[in-house]
Structure formats: structure tokens, C-alpha cells
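Both of the next two complexes hold chain A, though its partner changes from chain B to chain C.
The block that comes next holds the complex of A and B.
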């Protein structure tokens, strides 16, 4: 046993990427309403990019952000304005808009040097409200609360229009985001982030500049969220402030928590879990309640997500990824499991 | 000369005087012990050297570099690494990663980015930690998570994290606290090896007198922020003030 890479097997990565690229075809032959599933998967893909960034900030560095929808909004609106009003090519916007979201991350990262925990959560939440208000106020560019129509992305002269095309665009970048997120997490930057979360003293004594790395965490997180925002704006073709409300930010935190804090794969799993639940299970449940109990459910989604988060924090604090690790260990030592080990 | 010079250091926390004119030198290649009753300012002195606390008066120089001008994260680049009395580590990171945390300053930005693409670069990074793990004899723990490891291993990891930075001076804050006799012997062996094999100067705070007397070249006794005695283990052991401070002032002591 010499290092992590000696017995690392990566055969599943090409298999997974192959599966992701074949999934639309599978869905098309398996289901009648495959377009809806593609739409759901596209949302999941966009949120995966954001969740990876949020995991680096809240999971790794322990700086909670309850205003991450704001970064998504900044990325989306910046790109919409740059492409449709300033006439920049989509490729340029794909680089500039995340950078602007990242710079906003630095701005909000500045108070984070002093405050932590709940108070930082409140500050970032306030940031979310400010950004929303700002978007409504900047009427000439954003059309206020009325929302903004966004053109389709054009890459190398090819216009990406359908959900099918969007799927490949989004998941190419989602895979890229996961790879980059994981590399950051496993490099010295990720170690520094985790050290800041668990022991600031040890981090400082090891030569980690706390302020620099906290700002870096916010910058990287803003960058990822901005990237997700650009893709969101150009694939949903319509953005309005209603979409980037506080509940969305809280759902992002739930995604990271349910997936498993400080694991990039966990963030991916959590996002898929929450998005699929939100779009496939919750409408069914609402229909069922409406049909059998004859009452209107109202906002049952928040109830379900709150309950899920609650149960995960109590019974599976390491989330879905932690569950997966436990299952793997269970089968590795299968016949000799100590009693009560598997909980 | 890699020498630590502590000159007339005064430090008080509002009314409480923690250090009162502490002056001593730690010479290169020496194992220097700092002992004293609880609250005598040993850890405060460590924190002053490390930049966590700022003394109101006095100077602390290492290699003629004024450490009081340095921020805590800059101290390690001047060749001073430290461990903590109560273990400071990252529970949900493997032991190897915990150790590599100490190599933070040895890995520059370019090699980090290179490591994102290049596996050999990542292995080179890991080799830094594995080398130290081999040195401490806990190589089979490398891929285990820190959470749930025995206390002794956690303590050794703490030392490993300081060593991996390749310091010239290492500050050990109670390395044998909470260890049993066998582990204490182990720690004593490791401290000697740090000096013999790696050529690192050691400044150690410790309560275990057997350990202190067996490994130290020189000992400094602190009491209420003042130096009571300083010198060879034998001198210090028989110094009347030291006996008074440790055993109490009694006629038939």
C-alpha cells in the first residue's frame, strides 16, 4: 500500500461517461415522455455544477452560504445581458460571466473573514435578497421583475436549441465541473479548506493563509455557480427573479447535506436525489393527495425536503455518499461483519 | 546558525502576567525542554514563537529573523513547525492527507495545477508524506481516516504534520501527554531520532519528568512566567527553587 493511486481503479469512469451520453437514447426508447425526463436531467446537470461549488465552500471550508441562488442569478443575468444586449459570443460569456460571479463571491467573502456559522448564513442570505432587489431595480438591462428572454447558445456556429442538445452541453460541463471539483478537493487547496473548517490553528501553523483561502473558497464557489447560471439562462431561455428566491438557496444546501458533506460525488448524488424527487415524486404525491383526500396540498415540497434533511442529519450525517461507503465496507468484509456495525 | 533567541519576553493578558522577562537561547541541534507547573506560561511562550500571541515586550529571533513581525502562517516558512497540546487535526481526512497538510508550503501553485492533470505529480506529493510515515513507523495507517484512530496515532500524526514541512526547529507541545509508559518510551525514541536522523532542533514542553530528564540536553524551568532555573538536567533536578516549585515549600520535603 503506497499512496492512494497505487490501487485506484478507474474503469468505472469511462463506463459512467458512456452511460451519461447514451442516457437520452435509452430514455427515448424506454419512455413515451422522454422529453420531460431530459428537461429534468438538464436541471439536475446545472444544479450539479452549482452543488459542486457549494460543497467546496460549505462542505469543505465550512462557510455556510444561504444565498447561493444569488450567484446563479448573477451568472445568468450577466450572460443574458452580455450575449443579447452587448452582442458578445456565447463562448466569451461562458468565461466572463462566471468570473463576475466569482468576483461577487470575493465581495461576500470579505465579511466571512470575521464571521462564521449562523451569522455568515444570515449575511449570505441577505446577499441573496440584495442581489434579487438589485436585479429588479436595474430595469434597463434586466427588465425588472418581468423577466428576461435569453437566446439559445451558439457554439462554433452551431445553435443549441432542443433539450437533447442542451443535455449534451450541460453534462459535458457537469462532468468537467465534477472532475475539477474533485481535483481541487484532493489537492493542497482542498486540504487547506478542510483544515480551515476543522482546526484554524493547525491550518495557520501549517502555513495556510486563512484569509486568502477563505476568499478563494468563495471565489471558486461563485465561479461554479456563475457557470451554472450561464448554462441555466441559455438553456431555459427565460429567467426571472422569481426563480432565484431564498428557497432555492436552501434547496442547494439540502442537496449538499443529503449527498454528504465534503465529498464531490456526494454533492452529485444529493443533487440528483433532490431534483429527481422534486420533479418526479412530488407532483405524483400532490396528485395522489388531491385525488384521495380532496384537499389542496399547497407547498408540500418544502415539507418533504425539510423532513428529508431532518432525517438525514439524524440518521445519516454523512449523507448518501457516506451510505455508499458503508455499503462498500459491508460487502468487502461480508461474512465477518461485527454485529451492529452496519447502521 | 539556526538559533532561537528569546530576549526579555513580557506577555500579559490584561491583568494576568503570563510571561515575565523570559530570556534564553536554543542552540542548533539541541533538545531543549521547557517545564513548569500548570499556568506557568509554557504554552503562551510557544504561541508567542508561533505568532498566535503577541508579547507586549521583548524580541524573539530565529536565524536573526524577527518572528514577532511574522503572521502565524509565515512562521513555518522560516523553518519553525509546531504541534499542539490538544490534538488539532481534520477527522474526516485520511492520515496521509492530514500529514500532507503540513507540506502546504512545500507545494507551490504550479505543481498543484500540474497535479490536477499529471498523476506522477500527485504521487510525488504523496511521497513527501509517506517518507515521514515510514520514519515514524506508522506507514500502514496511511489510508485510514483520522476519526476513530487511537490517541497515540493521532499524536504521532501531529508530529508527522510538523515534520513534513522540513523545519529547522520543531516545537512539541506535550508530545507524551495522555500516553502510557510504552508509548512514552516510543515518543522519547522518536524525539531523539528527529534530532539525530533529521538534524532538527527540538523545543519541547512536557510534564513527564522521566522523559524530560532522559532526552534533554538542557532544561528551562518556568514558574508564573519567570525562569527559575536553566541548565543541564542534573543541575536543574537539584536546584532548590525547582524543588520548591514542584514539591512545595516544606521543611521535610
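The block that comes next holds the complex of A and C.
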């Protein structure tokens, strides 16, 4: 069992973590509008935590979820209510809120025992709508559709307020999420998940308790999303039901798919790719196009975004991580590459 | 030698850099940069292009006259797809990256609510948010002192409508159909106030955003016996409600909040919509109000396509007038604080379209009255002066 971990090349991970912690300084040095870039990175960081959880569910276990924004919403609203209305410390909420989101995951895990594929997608999508209605109808705590103001997180007596502080808070947990996600993926649980994805019958025949593991997958995934939700609520300071619409859930699935499923790293890459593409590159590209064509902002933003997705999925079906693996193998066996394999 | 020259060049560049650095974001000697966030590709994209176009029309007129204190007004528009998260990203970009002087006309209630913390943190004013939610002028909320609302709130509108109904018919039984979201909640707040104040009880029926079937709500109103019904929808809802009522043989007097004040309601509802009374927070674009006359002149002068002309384009135009007045009053060396101070000096200021606007450090609501517009023979006709 030990060999499994040793085989993996890990020397670049401390380097990467160092880079992540130095990045704000680099940005500050490079541009005066670093706060904006930090803000976009913070969004990416929060979504990375969720995407890791979604990868464990959809990538490893093969259970599709089109309602993950709902888990994010549950985490966010629970924490907002616990901290601001019940007066719980942020640290406690950081533990309790994800657990509650995880319990909701268990609930939605029940139907998943019987249905799969597109039908599960529809069920989870319905779950998203139910949660949205639930939030609106629990007016007393959630202020209905009007939205809820949320306080800043307080950790060890220190109030985390600026984008700078948020960055370190979010990315500490994002790194943690990736490490935990990766470990789960390589553990007994992760192997059980993959066995279920590849063949339910075979998995059951090998002694894997289908019901237990499927519900566990939903629980873990809800836990990650709930965790992301807590950070989301306390760093954006305002949440409303409009934040968590169905499009967001679909974005999450796209993030995992584009990154490459069942590798965790893929989810990270995919999230970074989509968030940066959506918030930085597409607007930039669009501004550039404005110079040549007489268009309004927004006219072609979705078009460019859709086109990139489209080309990507056609030419790189294994996602960004798959692309990286291909390049690595290419150089390892260079110059003895068989033709046509690496196109 | 080369090193010396290089050092001199670097020093020179540094000095130029220092000299050019604008002390106030978005303001140079020749230009004022403002930011606008619209829904350009989401559920309200029909308005997204039209509103800023109306504002641009007025800015163009001002710029050709020489600008505000010699500075040209330039407006950047971002897209938020009616998503609060995207609105925050867009606002962050405008404030931190593009360094705009102030934000203007951001559309939507939840989107405006979402950018409040950002406004408070950076001290950026938001002028004329394009929503009629009364929460916008709540000074106790974050950035309340930086937001200047131009439209009469939904809560206030509902109050006015109830008063108007009771004046017409003291024994009126009032029904209310509202959208079950932030918009509807603000309407409900007004309805509750009106109930407390007047002692009438209002029958309330909710519908989901995007609903197309109102048989249940209309049926309940028939059962409740309401003979005056307020519809707090947008454009589609009043049309369907009135048509459904006609089919069910139910003919109360219908009223609507400001979003229903669209000429398409009269057109599409046909005979069912005859007599429909809607509240509006500004004069009609085709009326004789001074701003409307100027608007039509400028539309002709700058050859605005006919498809653009209408209520929302006009709304963009008149909110731009408020902003320009604020910039004028901010003085020759505007800062964000001076803009806030300048706007707070507006006292019963007549924009030529809105009711007289008054701001002070204790009141950022601006206006508190509406005109009522009735559909007569399929044409929208103003039936009252400003009522409050």
C-alpha cells in the first residue's frame, strides 16, 4: 500500500505552495489593480474546494450532480445564520455548517441508490430548486429573497477583512481540500468509489456496500461544498438566492469536466481555467475585439466562452490534466513516440 | 555614460509618473470616468443595452457642450447577467482596475445589494441604481450614505396605490398579486404599512418569478371578492392576469406598480387591459414634460433608432441628468466626497421628468411620489399629477 504514495512525484508540491503564498506579493508588485485579481483568485479558491468535492462524487463515483450550488447555498446560509444570529464563533461554524450540508448530501444520496445518469442529474437539479424555495420560505432567518448580509470571519481574535487576508484564508483551506481530496481518492474509500463507477455489479460482488459508499460520496461532496459555502458567505459579505442559480451548478460540472475527471488536480486546473477565463480573459479578449468590431459588452461574451468550451471538449476530451499527462508521457519516451497517439 | 543616461531616463520617467498620477480615481483634466453595470446577456438583457444608450445620449449632448467643468464624461459598461456574484466581480473591476470615479445606474436589487460592501470599502458612490426597491435608500445599510436613489420605492408606490383606491371607493376590497422575491417583499412591506395605517385588510396572492399561469391566484381573488387588484409584476404578468380574469368573467379595477408601466401591456392585453392604472415614478417619454421634449429633440438630432426610443431609454436619459447635476455641484475639482456633498444639496430640484428631487445627509430616497397612468382606448394617459 505504501508504494502507492511513494510512486507519485511530490517534490514540486512545496514549490507550488510557496508560489501560491507569494503570488499576492508578485501581483501587488506587478499591477496597481492587484485587489481585483486577488478577488478573482479568491472566487477560484472557493470554487476549487467545491470542485474537489464534486470530483469525488462525479469523477470518482460517477454520480452526476446538477445541484451543487444548493450545497454551497446551504453551507453559506447555515454559517450566516449560526454566526450572525445564533452568535456562534466562526471556527465552530466552520465545522458545523459543512456537516449540515453533508447531511443534506445524505438525504439526496437516498434516491441516488436507485437512479443513475441523466435521471440523477434531474433529481439533483430539482434539489437545487427545492433548496432555493426553502431559503425563500424560511424568511425569519434568511430574509427570504432579499438576501442576507454576512459578517467578516474572525479567527483567533483577528478579523479577516481585506481581499489580501481572504486570499490566505481561502487558499489555506483550498490546499487542505486538495490534499484531503487526493488522499480520499487514493484510500480504500476512493477505490471503492471508482469500482462503483466502473461497474456496480462487480463492485458489489467484491464486497463493496453500494448504498453505504454512494451515500458516503454524497456526504463527502456535500461536506466540501458546505465548507466552500462558509468561506463564500463570509468573504463576499452578502448572499442571496440569486447567487446560487442553476447555471452555477452547471459551471461546476464544466469545471470538473474541463479539468479532467477523477484526478483532483484536474478539478483544480479546471476551476482555475474556467474562473480566470470567465472573469479575466474573455472580457479582455472582448475589449480587444471592440477595437475592430462595433459590438457592445456582453454581446459576444457568452459566444466566446461557449466556443472555447466547445473546441476544448472536442479536442481535449480528457481535460487539462489529461493534456498534461499526455505531454509528460510524450517527453518521457521521446524520441520513440509512436505516431498518431499524440495528436 | 550609458548607465548615467539610463538612470536619468528612469528618474525622468519616475517624475512623469508622479506628475501624472491622478489624485482622484477616474478624474483627469479632460475626462471623468464612470462605471455602469448592466444585464447584457441575462434575463433582463432587453433593458441592458437600452438604459446605457439613453444615458450616452445625454452625455453626448453634455460633452458636445464642453462637458462638466471642462471634462468629458466617459462611461464604461460591464455585464453582470443579473447574477450578484458577477456584479461584484464587475464592480471590483471597475473600481480597482479601471479606477472609475463613481458607479451609475447598476441594474437589479440583489445585484446592488451585493456590491454594497465593496462601495463602503472603497468609498465609491452609486448614483441612480436602476431598481425601485425601497431598500436602496435605507441609510442604515452598508454604503447607505453613498447610494442615491432616484425612483420612488415599491413600498411607497403600494402605499400610494392603496390610498388612491380608498379615495375612489371607501369600501374597496383590495387584492394584491405579487412576485415572490425581493421585489415582492418590498411591495409586501408597503402593503403591511398601508394596512396598519388605514385599517383595511389586503388579500395577498403570490406567484413565482417566471410564472405564466395565474388561474389559481385569480380564482382566489374571486373567492375573496376583491374589486380592486394591484399587480406587482413586470410586463408579462399583468397581461396574463387581466386576460385570465376576463376569461373567468371577473372584472375588478386593475392597478400595477411601476414595472408594469410599459406600453406593451396596453398593446398585448387589448380590451382586457382597458382601464388598467399603473404607477410611474417619472413623466412619460412622449409627454410634454421639459426633459421629454429635450429627449425627443436629441433623439432626432443624433438619429437614435426608433427601436431604442421608449420608457427605458428615456429612463437612462433622465438618470444621466441627475448624475450630471451632481457632477456639476461637485465643483471644479471633484472628489467622491464632494460628489456626495453636491448631490445632498439638491433641494426640490426639477429634472424635468422625475418628481422634484431632494437629497440630504439624512435622506437619499430623492423622490416619494408617482403619477398614475391609465390605459384609455388602448393609449396610456396620465390621469393624476404627482401623488404622494
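In this text, the second predicted complex is superposed on the first by the 305 of 343 C-alpha atoms of A that agree within 3 Å, B and C clash if a C-alpha of one lies under 4 Å from a C-alpha of the other, contacts with A are read in each partner's own complex, and residues count from 1 in each chain.
Just so we're on the same page, a contact is a pair of C-beta atoms (placed from the backbone, for glycine too) under 8 Å apart; a residue touches a chain by one contact, two chains touch by 3 or more.
Model, not experiment: these values are computed from the prediction.
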Partner chain in contact with A:209 - chain B first, chain C second, else both or neither: first
First, second, both or neither for A:192, with chain B first and chain C second: first
Touching partner for A:96 - first (chain B), second (chain C), both, neither: neither
Which superposed partner A:183 touches (first chain B, second chain C, both, neither): first
Which superposed partner A:283 touches (first chain B, second chain C, both, neither): second
Partner chain in contact with A:243 - chain B first, chain C second, else both or neither: second
Touching partner for A:146 - first (chain B), second (chain C), both, neither: second
Touching residues (chain side chain B, partner chain A) in the complex: 50, 52, 71-77, 81-82, 84, 88-94, 96-97, 100-105, 107, 112, 115-116, 119, 122-123, 125-127, 130, 139-140, 142-143, 161-162, 165
Residue ranges of chain A in contact with chain C within the complex: 33, 35-36, 39-40, 43, 136, 144-147, 149, 236-238, 240-243, 245, 247-248, 279, 283, 296-299, 301-302
Residue ranges of chain C in contact with chain A within the complex: 38, 40-41, 45, 48-49, 77-79, 81-85, 88-89, 92-93, 96-97, 99, 109-111, 113-114, 116-117, 135, 141-142, 180-182, 184-186
Touching residues (chain side chain A, partner chain B) in the complex: 1-5, 180, 183-184, 186-189, 191-192, 194-195, 197-199, 201-210, 262
